[in-house]
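Take a look at the structures below.
Two complexes, one shared chain (chain A), two partners (chain B, chain C).
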Partner chain A sequence: MEFDVVIIGGGLAGLTAGLALQEKGKRTAIVSAGQNALHFSSGAFGLLDAEDPLQAAKELPEHHPYARIGAENLPKYTEAAKALFGKAGIALNGEPLKNGWRLTPQGGLKRAWMTLPEVDIFPDKEAIKGHKVLIVNLLGYLDFNTSFLALGLEKQGCSCRIETLRLPEMERLRENPSEMRSVNIARVMDSAWIKVAAEIKTLVKDEDWIILPLVFGLKDATVPDRIREAVPAKVLFVGTMPPSVPGMRTQMQLKKAYEALGGTFLMGDEAISAKTEGSRVLSVSTRNLGEVKAAEFVLATGSYFSKGIASDMNHVFEPIFGADVLLDEGRSAWYDPDFFSPQAFLSYGVATDGQFRVLKDQAPMDNLHAIGSVLGGARSLELGCGAGVAILTALSVAETI
Partner chain B sequence: MRKDNEFDVIIVGGGITGAGTARDCALRGLKVLLVERHDIATGATGRNHGLLHSGARYAVTDKESATECIEENMILRRIARHCVDETDGFFITLPEDDLAYQAKFVESCTAAGIRAEIIDPKEAIRLEPSVNPDLIGAVRVPDGSVDPFRLCSANMLDAKLHGAKILVYSEVTEFIKEGDTIRGVRVRDNRSGEISEYYAPVTVNAAGIWGHQIAAMAGANIGMFPAKGALLIFAHRVNSIVINRCRKPANADILVPGDTVCVIGTTSTKVPFEECDNMHVTPDEVDLLLTEGAKLAPALATTRILRAYAGVRPLVSADNDPSGRNISRGIVCLDHETRDGIKGFVSITGGKLMTYRLMGEQAADLVCKKLNINKKCETATLPLPGSEGGKTEEVSKKIWAVPSAPQKAAAGRAGTRAEVIPLKNPLDQALVCECEEVSSGEVRYALEHLEVDNLVDLRRRTRVGMGTCQGGLCACRAAGMIAEARGCAEKAEADLKGFMNERWKGMYPIAWGNTLREAEYTQWVYNYVIGLNEQ
Partner chain C sequence: MTLQEYTSSAHNFEECMKCTVCTAYCPVVPANPKYPGPKQAGPDGERLRLKDPFFFEETLKYCLNCKRCEVACPSGVKVADIIQAARIRYSKSKPKLRDRILASTDFMGTLARPFAPVVNGMTGLGATKAVLDATMAIDKHRTFPKYSFKGFESWFRKNAPDQTRFPEQVSYFHGCYVNYNFPQLGKDFVKVMNAAGIGVNLLDKEKCCGVAMISNGMIDGAKKHAAHNVAVLGKAVDAGRKILTTSSTCTFTMRDEYPELLGIDNSKVRDEITLATRYLYERISSGEVKLKFKKDYHAKIAYHTPCHMEKLGWGVYSVELLKMIPGVEFTLLDSNCCGIAGTYGFKKENYEVSQAIGKPLFDQIARVAPDFVACDCETCKWQIEMSTGLQVKNPISILAEALDI
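What follows is the complex of A and B.
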């Protein structure tokens, strides 16, 4: 098999790069091992946790991916991101150049850049104050903590009432001790949402907000909007414990759009090793297809969770190419004993030059670029820039190639 | 008529020794109060191998302990069968060890009454394929494994069923003295700050390593020796038979299978008393445990580690011994009236998890003597609550006819007591913790009946959060259930943060490979998706 570009990794970064490259007329393939960070998406994308993210991006150290892109280039890519998702049928909420807020499952607010269609983005913190809220859960569903949500909202001056729906459609799920999870419920809800909407109509009193868990719209992306139309108050969907229903649907939508543009998505395949000659990658070997050749390669394998970065007792490494990794020496420097403090290990990842060309033995590989959370130095969790780094580095590299 | 705050005996300490003493005293008809400053089993009781010692380990160096161990071993198989796994154990000799030691070992075991049978190394490999194939000798002994949390809870429960009052989160701040006699204790409720007074003619100090301070508070000095022991839990049950090294006790020479995991340990280092409340496992300890552990079972080198933890042995000092390895594990039962002139005060210490019942018996005997009560000890024959039935399979079939997986898991943990846990309908059987198959019914039952204050307490009683994901998903679910059951989301949320830190404490010393992968996921879920860090 031979392509112009082979992208290793089918998460947010890989799919974004794939879409952008196909649009440019390149012949590409995505090798996707399966699980990626979209599976635990909050339903919101973070650009940078700051009042003015584009201004704050200018202050980042030189090895941060945004600094590599160049703060002056970020606006054009943030605009392009919204347009690209729009073409893929995903109408993101929010403005490309600004931050807003997302309501968390703990009833708090977190900065958000843009959100998936069913997730509200608020321009300011005042917007969630003083509402009368009806929180509706489904009987036996433990991954949506209504009491924490109510606690958080009450701190914001809202008043909350919690109701639980018992739907006959869910009896079969309840009979299996481990079936009451978001994705299984969402499968049922693709049709049973009508009943949910009808039940809510009988429950709602004087509330102006109804909050539901994000278990709607797995296959049919229109379900959340249809519930909104059917219910006589504003309906908000709030995230659940993983797996993330909107995250998984988004991955499917992006994949479909990518294939519609002629991209080859190699689902369930995994890159094992690579053949190189000097500073050029000749091919990668995948588990199912063997050798796959291309002129250019993009490393979008994600971080630890997606196995783009691996570790043993004394090393953190990149397993396919053996690329240079930015990290601290000595295991005890990898972590902070406080779970809620920034963890150094989360910032470890592949080292690149200014154009995101992967460094190996301190020299750049000519035709291997890295994008997304496999990159070192992003501190994505601490800085709230996970999705932003994935999307913007993908667009930047797609332009370079 | 006796007042509510007057008892026959007050027991200080909610570990296995306190629990065993409380049960024994309660079975003899005494009115018992047990006070514990944290939760049950928070000290050495919950921080050991979970080894059902045959006593073989001490046969050569400490015959008294060895004899006590084998006797108690046989008793626990009868009275605590739902806490015990009868795995047997090997003492293996490696090429670097002296094979001549084996003969002395077998001879000493036999003298102590421990069945010790030399088997061919090839036979040992056949019976336990994980064992180091380079072994040159193997001896089979009646070791096993025991769940210390379950054992401690069952003793507490039986004490309660026989009228004992158990107060957790209740710390002794002062002894109430009248001349040279201890009349009772002043106790602070560590949750509310409220102070109460309780009276009894005898107070038993069963506070483990913290018994040093309790004795000092009463005016007595017990020269205790805090010996830290670090251990690692692996995510699979690599071995099904306990593996020991056939040599004088040393570091990391015991590998114990328990439930779905196995545990390697321990180290032995003297630590200052101040450190006993907050033990950390160091990178050096992890390296040592792994290197030595892989000599017992080479597969350990490539098996995922789940957690690192450490406990402090409550040894009573003898001679100058920097590691404490040579101090007897024998029981120390002190009558402070004859020893120090303090009336109404007894200390029960030294000993081991294995000999807790005998420790309880000795303490109860002394208490009864002081109270002029002539009642025989029954704890060696009466089964603990939950242990009256047979194997898990039979027990669960008797309760539910066709038991589901969560019902069987509950019966595995609670034995025959599973019948009082609500597990009939699907909502009760819905799993909170997939790794350990803990259902909603079990969680609700624990919250209502088992003195659970927080998530860590819940974990001790149900195993919620003890599996491979280390609470990644179940912690949030269980916290939600606590919030609903108690009507206090604010406390449950703070509790959830505390629990995540408690889990992390056992993970960061071994944070590489899959543990680092799990940690990244958990970080994103808790600190970004649900935003717990901002609350």
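What follows is the complex of A and C.
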């Protein structure tokens, strides 16, 4: 097989790049070994955990992907990101140039850049103070901790009441307790939401907020809004334990939009090795297809979690190309024995030049670009920049190809 | 040896990180609450079963072996292999007569074919269906695949145009379906290959690939078939020939289930077995083969990717070949199991689940309203034809009708 561009990895970064490149008229394929980090998304995208993220981006060290893009270029890509998702049918909440706040499952607030349509984003912290809240769970669902949530909200000066719904539609699921998981419930809720909305109407007293677990809108993205319209109070949806229903739907929507633009999504296939000549990649070899050729290659294989970066006792490496990895010398420098401190190893990833061309033996590969969490130096967990790095590096690389 | 090699089992259940993504993509879970789901039935259950086989549950039989869990797993766990291997190892339930009959595709074919008109007439009758339903638990809603009076093999020996005139030769593993039920697909295959300048050979007596035996717990039979097939495929490989197929399931079974589930070493032949669509696409894109199509061919086609094709990752070849035909209006249907899973959907106890699994697919086909559906799997064909009323054609047959010869 032969394409203009082959993207390895079909997560947020790979799909964003694929969409942008198809729009430019390139013939692309995405090879994706398995599902990705979107399936664990809170429903909120992080840009940078700071009061003014675009200002703070200017202070980042040179290895950080935002420094590579150039802080002055970030605004154009953050705007483009919102537009690109909009075209794929995903109306993100929030402002591309600012941070807001989202409600956490512990009833606290966390900074967020933009959120998936069903997740509320508040411009300031005052917004969650002093509400009368009705928290509604579904009987038997354990991955949504209502007491935690209530405790957190009460600290913010809210008063909370908890109710549990028992729906006949859920009884079938309850036969198998281990399967009372977000996605399985969400499948039922694509039609049973009407009953949930009706029940809530009878439960509400003087509450102005209703909080529901994020188990709505798996196949039918309109369900959360329809519940909002049907209930006479503001409805908020709060994240649950994985898998993430809005994340999984977003993955499906992006993939569909990508295929509608003519992209080829090779689900469940894995790039194993590559053929190179000098500083050019000629082809990658995949488990299912054998040799796949292209003029340009994009590495979007994620971090340890997705096996884009792998490790053994003494090495941290990139398995397909053997690319250079940014890391500290000596195993003892990799981690802090205090589990909750920032861990150095989490920042390790592929080394690139200023245009995200992958370095191998310290020299850039002409036609191999790295994007998303496979990149070194992002420290995304600590800085809260995971989705931002994935989307913005993808857009920046798509522009240069 | 790396650390991983010391710590991984054959189907690497210990690499599971308990994320439940597999369960989220399993088609059976939403349709059948009795099924524990791939995570529970696979890596979670395996831990317990290794401690004590007592923990084996017969509900694992509800798994379709569609491999969608494996395609989705971020950790590369061979979830479905774990489940099937557990059934093979621990299941105490013996296959029923009904299961044996459904699974013995080639034996049944040999018996039924000489009486094809009678058998077809009978299995088509409401009364027979009711009897099968009551006595054998074969669901009465099912339409039986028709048996063909004359098998593909005998047609090939007597009527196939001379194949020796082509310098390039391939071997064709036609499978039971082409031989007993639908020789036309085999004839179409010969036509397309010949148009591409390639001659066709048959193997030295192939046997059913064994997929139905595997899913019905007849493992000894499946192993015998696998060993026989590997031997005859080996002869073709020794003669320097590729082995082409027109069924994604037979292909997948012979390439991956033989070593993973049956423990049959197929390393010599595995990489030589490939779908005809893949072979053709590669020859066309390298410029070695050129096909000439009719100028006035028109068809609105919706392509369904069978589960095992999804696992093979080769749907892309069929899709690209169909898109090559001028006058084709093409839709790729969403990735969704049709629900039949070989013999699974024929069983009375599975009928409703089977139809519920396929419903999103049937609904989408109704919305797209194609002239016909394209698909590389014979059992998907039965299911989709029965459930949508539309005809289902193998991409090779579509090429054959669009070729200008």
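We adopt the following convention: the second predicted complex is superposed on the first by the 401 of 401 C-alpha atoms of A that agree within 3 Å, B and C clash if a C-alpha of one lies under 4 Å from a C-alpha of the other, contacts with A are read in each partner's own complex, and residues count from 1 in each chain.
Note that in this section a contact is a pair of C-beta atoms (placed from the backbone, for glycine too) under 8 Å apart; a residue touches a chain by one contact, two chains touch by 3 or more.
Bear in mind the structure is a predicted one, so any value in this text is a computation, not a measurement.
Colleague: Look at A:Met313 in the shared chain and tell me whether it touches chain B only, chain C only, both, or neither; answer first, second, both or neither.
Modeller: Both partners, chain B and chain C.
Colleague: Under the stated touch criterion, which partner chain does A:Asn73 make contact with: chain B (first), chain C (second), both, or neither?
Modeller: So A:Asn73 meets neither chain B nor chain C here.
Colleague: Answer with first, second, both or neither: which of chain B and chain C does A:Phe305 touch in the superposed model?
Modeller: both
Colleague: A:Pro243 contacts which: chain B (first), chain C (second), both, neither?
Modeller: In the superposition, A:Pro243 touches chain C alone.
Colleague: Contact-wise, after the overlay, does A:Ser273 reach chain B, chain C, both or neither (first, second, both, neither)?
Modeller: Neither partner.
Colleague: With both complexes overlaid on chain A, does A:Glu175 touch chain B (first), chain C (second), both or neither?
Modeller: Both partners.
Colleague: With the two complexes superposed on chain A, say which partner A:Leu346 touches: chain B (first), chain C (second), both, or neither.
Modeller: Once the two structures are laid over each other on A, A:Leu346 reaches chain B alone.
Colleague: So, does A:Tyr335 touch the first partner chain B, the second partner chain C, both, or neither?
Modeller: first
Colleague: Using the touch definition from the top, say if A:Leu381 reaches chain B (first), chain C (second), both or neither.
Modeller: The answer is first: A:Leu381 touches chain B but not chain C.
Colleague: Which chain A residues come up in both lists, the one for chain B and the one for chain C?
Modeller: Residues common to the chain A contacts of chain C and of chain B are 40, 175, 178, 242, 305, 307, 312-313, listed in rising order.
Colleague: Using the touch rule from the top, collect the residues of chain B that touch chain A in their complex.
Modeller: Those in contact with chain A are residues 280, 283, 290, 404-406, 426-427, 429-432, 434, 437, 439-440, 473, 476-477, 479-481, 483-484, 489-490, 492-493, 497, 500-501, 503-505, 508, 511-513, 516-517, 519-521, 523-535.
Colleague: For a test of understanding, state which residues of chain C touch chain A in their complex under the given definition.
Modeller: 2-4, 19-21, 23-25, 29-30, 33-37, 39-40, 44, 70-76, 285, 310-314, 316, 332, 334-335
Colleague: Within their complex, state which residues of chain A touch chain C.
Modeller: So the residues of chain A touching chain C come out as 1-2, 33-36, 39-40, 172-173, 175-176, 178-179, 181, 183-184, 187-188, 242-243, 248, 256, 259, 264, 266-270, 286-289, 305-307, 312-313.
Colleague: Which of the residues in chain A end up touching chain B in this complex?
Modeller: These residues of chain A touch chain B: 37, 40-42, 46, 104-106, 108-110, 139-140, 142-143, 145-148, 150-152, 174-175, 177-178, 180, 239, 241-242, 244, 303-305, 307, 310-314, 331-332, 334-335, 337-340, 343, 345-346, 381, 384, 386.
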